[in-house]
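Working notes for the structure below.
Note that the chains are named A, B, C and D in the order they appear, and that numbering of residues resets to 1 at the start of each chain.
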Amino acid sequence: MYSFKNDYSEGAHPRILSALTKSNLEQTEGYGEDCYTKKAIALLKQKIERYDIDIHLFSGGTQTNLTALSAFLRPHEAVIAPSTGHILVHETGAIEATGHKVISIEVSDGKINTTHIKAVLDAHTDEHMVKPRLVYISNPTEIGSIYTKNELEQISQLCKINNLYLYVDGARLGSALCSAENDLQMSDLGILVDAFYIGGTKNGALLGEALVICHDSLKDDFRFHMKQKGALMAKGRLLGIQFQELFEDGLYFDLAKHANKMADLLKNEISNAGYKFLTHSPTNQIFPILPNWLIEKLQVKYLFYIWTKIDSDSSVIRLVTSWATKEEAVVAFITDLKDLS
Amino acid sequence: MYSFKNDYSEGAHPRILSALTKSNLEQTEGYGEDCYTKKAIALLKQKIERYDIDIHLFSGGTQTNLTALSAFLRPHEAVIAPSTGHILVHETGAIEATGHKVISIEVSDGKINTTHIKAVLDAHTDEHMVKPRLVYISNPTEIGSIYTKNELEQISQLCKINNLYLYVDGARLGSALCSAENDLQMSDLGILVDAFYIGGTKNGALLGEALVICHDSLKDDFRFHMKQKGALMAKGRLLGIQFQELFEDGLYFDLAKHANKMADLLKNEISNAGYKFLTHSPTNQIFPILPNWLIEKLQVKYLFYIWTKIDSDSSVIRLVTSWATKEEAVVAFITDLKDLS
Amino acid sequence: MYSFKNDYSEGAHPRILSALTKSNLEQTEGYGEDCYTKKAIALLKQKIERYDIDIHLFSGGTQTNLTALSAFLRPHEAVIAPSTGHILVHETGAIEATGHKVISIEVSDGKINTTHIKAVLDAHTDEHMVKPRLVYISNPTEIGSIYTKNELEQISQLCKINNLYLYVDGARLGSALCSAENDLQMSDLGILVDAFYIGGTKNGALLGEALVICHDSLKDDFRFHMKQKGALMAKGRLLGIQFQELFEDGLYFDLAKHANKMADLLKNEISNAGYKFLTHSPTNQIFPILPNWLIEKLQVKYLFYIWTKIDSDSSVIRLVTSWATKEEAVVAFITDLKDLS
Amino acid sequence: MYSFKNDYSEGAHPRILSALTKSNLEQTEGYGEDCYTKKAIALLKQKIERYDIDIHLFSGGTQTNLTALSAFLRPHEAVIAPSTGHILVHETGAIEATGHKVISIEVSDGKINTTHIKAVLDAHTDEHMVKPRLVYISNPTEIGSIYTKNELEQISQLCKINNLYLYVDGARLGSALCSAENDLQMSDLGILVDAFYIGGTKNGALLGEALVICHDSLKDDFRFHMKQKGALMAKGRLLGIQFQELFEDGLYFDLAKHANKMADLLKNEISNAGYKFLTHSPTNQIFPILPNWLIEKLQVKYLFYIWTKIDSDSSVIRLVTSWATKEEAVVAFITDLKDLS
């Protein structure tokens, strides 16, 4: 059984394991104050082209989101997020558990726009309601779509005018930035958003997300919040070494490109076979609509999620590729799909 | 500079890195539902000699404590802990951040006893006060002391009678269980306490703590709490593989024994050199009282914490050994100390 | 200017002030352990026809909701509520501030049904999502509609089967129970729901809501939660005396009937004048759709809320009546409306 | 049985009930936006001699404390309080329930000083510990003592230098300010502290505390926090009318003086009878040490709390007087005590 279930089925890229092994017996400071973490942060700043930002390394996405958002907001302040947002559906109420409401905006393509945000602001008028204070988006979204530079600029401008923080969940940021349809640079994020994170776990690391804090007023005492939420790792070097390896010479982007290439291959051939897709996804998650009998046959040899039902005859499946996806597995899948069709 | 600052200065035991490398490209389920995690849990159950317990793997101690305690307690329930307890002083109010008061018991040797607990119960009489519901202890304590089986039995019995949960923070549990003065078995913990965790980070793992839930009423829906607190790791195999390696053939205990042996060596020779200690510690942290001039000279070649001041002439330092501590470094330290004295 | 803005514009029914004055200098126990509170609770139990329930008196609705729901739920458990629910829109995220997500169900008439609840249950399948555990409804709803006995029975049954608690916000419960279209008794609530509250503030009291806990497992230690949330009033007698007065001889229902009668009068005559309503409301809040020019003219003499815009020419206004609404004011309003039309 | 148990055994001062009755049928705005509340706030500003402060009326002390402190602090910030502080012992962990640790300073006379605060600051050095940010004191303290102007000035200065907020719980502030030994004015508080509250419930009101926010940075969005914590009362006029009555012509101070006078009378005569006191209290709570046999005899005719045991023969009782304490009851108590002695 070959798995297209997600992009965290394998361990880490071999270079990361090598780097860990090589440095293993060196003694370093704990809690992210080691030389590897410092080096990784310096590399990331260079990539983002800003040196006045703060960067902190976390072990996972939910942890990053909950630590950041609870640190950024006062008790009565709320988050605006698209209905498909990871924090809304797949983090077991982690943000609410820190005391903050997440206001859901119904979307079909995973993306929110300035009209959505204005509507929320208009509806929240006094102290009997929460105060919207932060806009949460994911890039790519949870259904594979990406924001254009222009879309992000518009959201950013609206946020600035309305005293809203803009936060980007970049669990799969590599895939977005390496998408054929992308026109955003890492350096644009450093200018347009107040904080974002660069996902490592889903792009070659054993674990690790790098939170970038751009807005000055969000920086103070941030390590206190990390420690309080259990996010300050004793052997912080584990994260530093990985991000150093990923960003030293572009490995991060190479891995994302491979994942996207594998997804494109799947997408094109499934399309050629005559099937349609639930969403337009130029990243490493695709959502083909297949007849149920075909899905059942594919399930004999491949693992993937059934995303949703379309009607009594067909369903949407999710196929996820990663840095580790083997081209021969993709080819085999396509062949099987065509043969079975 | 050789560091005796803590037991997380190096990476992982080489066997762990080998195991990670070996399994690296296998595809597994995410979020701790992989075969390695299952195997690790089975090994731990065997070691604890109970098969009706639940075991969950975490990435760090603060995360384990805050997830467990907030899952176990209702909003008005409080924790009783010794004043030296890690949750009281070194976790940035992580437990309070989940809404629970931690009642501090002043202790000098790091250990609480039944008299202490009874005093807290007597002082909490009605709904104008929190309701003490869980006793938190560490074994070994944060200052190196350990609980005897008899002491733990007495606390356990008192807790059962008074409807208090008993929780053991085992960040350095290996060192306690392998101490020359210890008479507790892992299997005793499974009987005497309601939940405890077995620390991996400070005993050879890259990261990892195994939470053991013994009391039935604490088990329900526990993975929801983990996810909500950001503790469910996507590549959960990273924890499973490490605990499997540590418990497959006793590596965990071998490593702890080495750490203790190195600490004993330091302790005996420092004692032979005529110095006293702040606490009686039969585990891998020792607290010698040294003249300040000597401390300053040692600091030229060694890293360690100044624990506390004794008077204008002398201070307590903390020396920590680990699975990775080199005997030659210990010998060198002792030689230097004696030469300088 | 006469106000139809809400049902808390005046003080208390004169009998309540008399009762407060009469008992004023008696010495009683504090924190709700006085004889008046005990008497009030006994009267309420009699009215509900259950003697195995717990009743606690609060000073306001938001306080009641947040104390009850946070006491009833574990950290990962969530509330299901209609999109118009008071806790969703008008309590500044009070429930989320205690750590719990409120899942919103889009409704047009303020009411949720079993289909809605089942859909939420179907969508929440594992530990990556919150666990729906409590259904929150208001009766009457925030837009004036009421639940029939049959509707409530169906919801109740579904909740029991699915291990969901059912909670009714009764801020205006008197108006619902005294509505011409109502077929529910206070005693039905005691059987069908797990907890509900009987609103006093909006029906003649200075302040006060009576929380009724029917389900045994929700009763333990409840006063601890009240104290922790600042809801245990030192001079608890203030609440006891009021509820005693309201329930001694049916005053509570008389007041609600008057409010409903005034609303009916408004509704019928506005309808006669040819206007329509946003919702079907048989209780003390009505929502006529009026041309904007008429609204502006009415605003010269009357206070009321503009609820929402319909189109460029017309809007919905909210008119609220209460125990204190004067019939002559209602008549004057109707006359003015007709004269102006 | 005459009660000296507390200062909230009776209702309200008759003038308050009259004022409530007189205004009862007027229609006003809800949620503290009525004319009475505005008038009360204006009177309080005049008394404090500052017009740039914000004042909010609450229904009780625990509610005031928890709303204020949780609004003022970020998640990692902690409160410093004396071990006898109301928030530490008698509010069921209300502050911790909002996520903040309360650091306890052991005191014998209820008061903390600059040495205490400095010690806490010295012990909290990095992000592994909470960040002390607010000093909570009560005046009078929970055991009747009061702060001198000089003591408060020293604490205030230390707080300013160290970026700590200073907060005064004034549940019985009237009694402190009217004490024969007091040299503080209400206007001094406006200058020396960042926020404080003026207790009404224990000095003649049915319920009500006035929170005064002096520090600009603590003012923003405060009503959001009130609503979120259930502290925004629908009929806010109830609080406004009472504070207007209390501060229109000095009634608040007259009532406190009476309470103090009654306490002095008790204190002097108990002292004359040869008994000692646990603490030096110049306010309305006194703590005589009496033989147990005498306590038992007094309990036949009087209600009061046994505060603590001294030895097997004697205990401390607490006697509390109030605006409502009858001089003849005090005389009777003294007579009985002397007769029984």
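Heads up, the rule we're going with is that a contact is a pair of C-beta atoms (placed from the backbone, for glycine too) under 8 Å apart; a residue touches a chain by one contact, two chains touch by 3 or more.
The UniProt protein names, listed by chain, are A, B, C, D = L-threonine aldolase.
Since the model is a prediction, treat every value here as computed from it, not as a measurement.
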Item to check | Chain hops separating chain C from chain B, counting only touching neighbours | outcome: 1
Next on the checklist: Taking each chain's centre as the mean of its CA atoms, which one is most distant from chain D?
Outcome noted: A
Checklist entry - How many Å are there between the centre of chain A and the centre of chain D, using C-alpha atoms for each centre? => result 51
Item to check | Between chain D and chain B, distance of the C-alpha-averaged centres to the nearest whole Å | outcome: 42
Item to check | For chain C paired with chain D, centre-to-centre distance based on mean C-alpha positions, whole Å | outcome: 34
Item to check | Contacts with two or more other chains, residues of chain D listed in rising order | outcome: 75-76, 91-93, 97-99, 127-128, 130, 224, 227-228, 232
Checklist entry - Line, ring, star, complete or other: which one describes how these chains touch? => result complete
Checklist entry - Which bits of chain C are touching chain B when the two form their complex? => result 31, 70-71, 74-76, 98-99, 127-128, 130-131, 221, 223-228, 232
Next on the checklist: Under the definition above, what is the set of chain A residues touching chain B in their complex?
Outcome noted: 2-3, 5-6, 8-12, 14, 17, 20-21, 23-30, 59-67, 91-94, 97, 201-202, 206-207, 224, 227-235, 237-238, 324
Checklist entry - Which residues, counting only chain C, touch chain A once they are in their complex? => result 75-76, 78, 89-93, 96-102, 104, 127-130
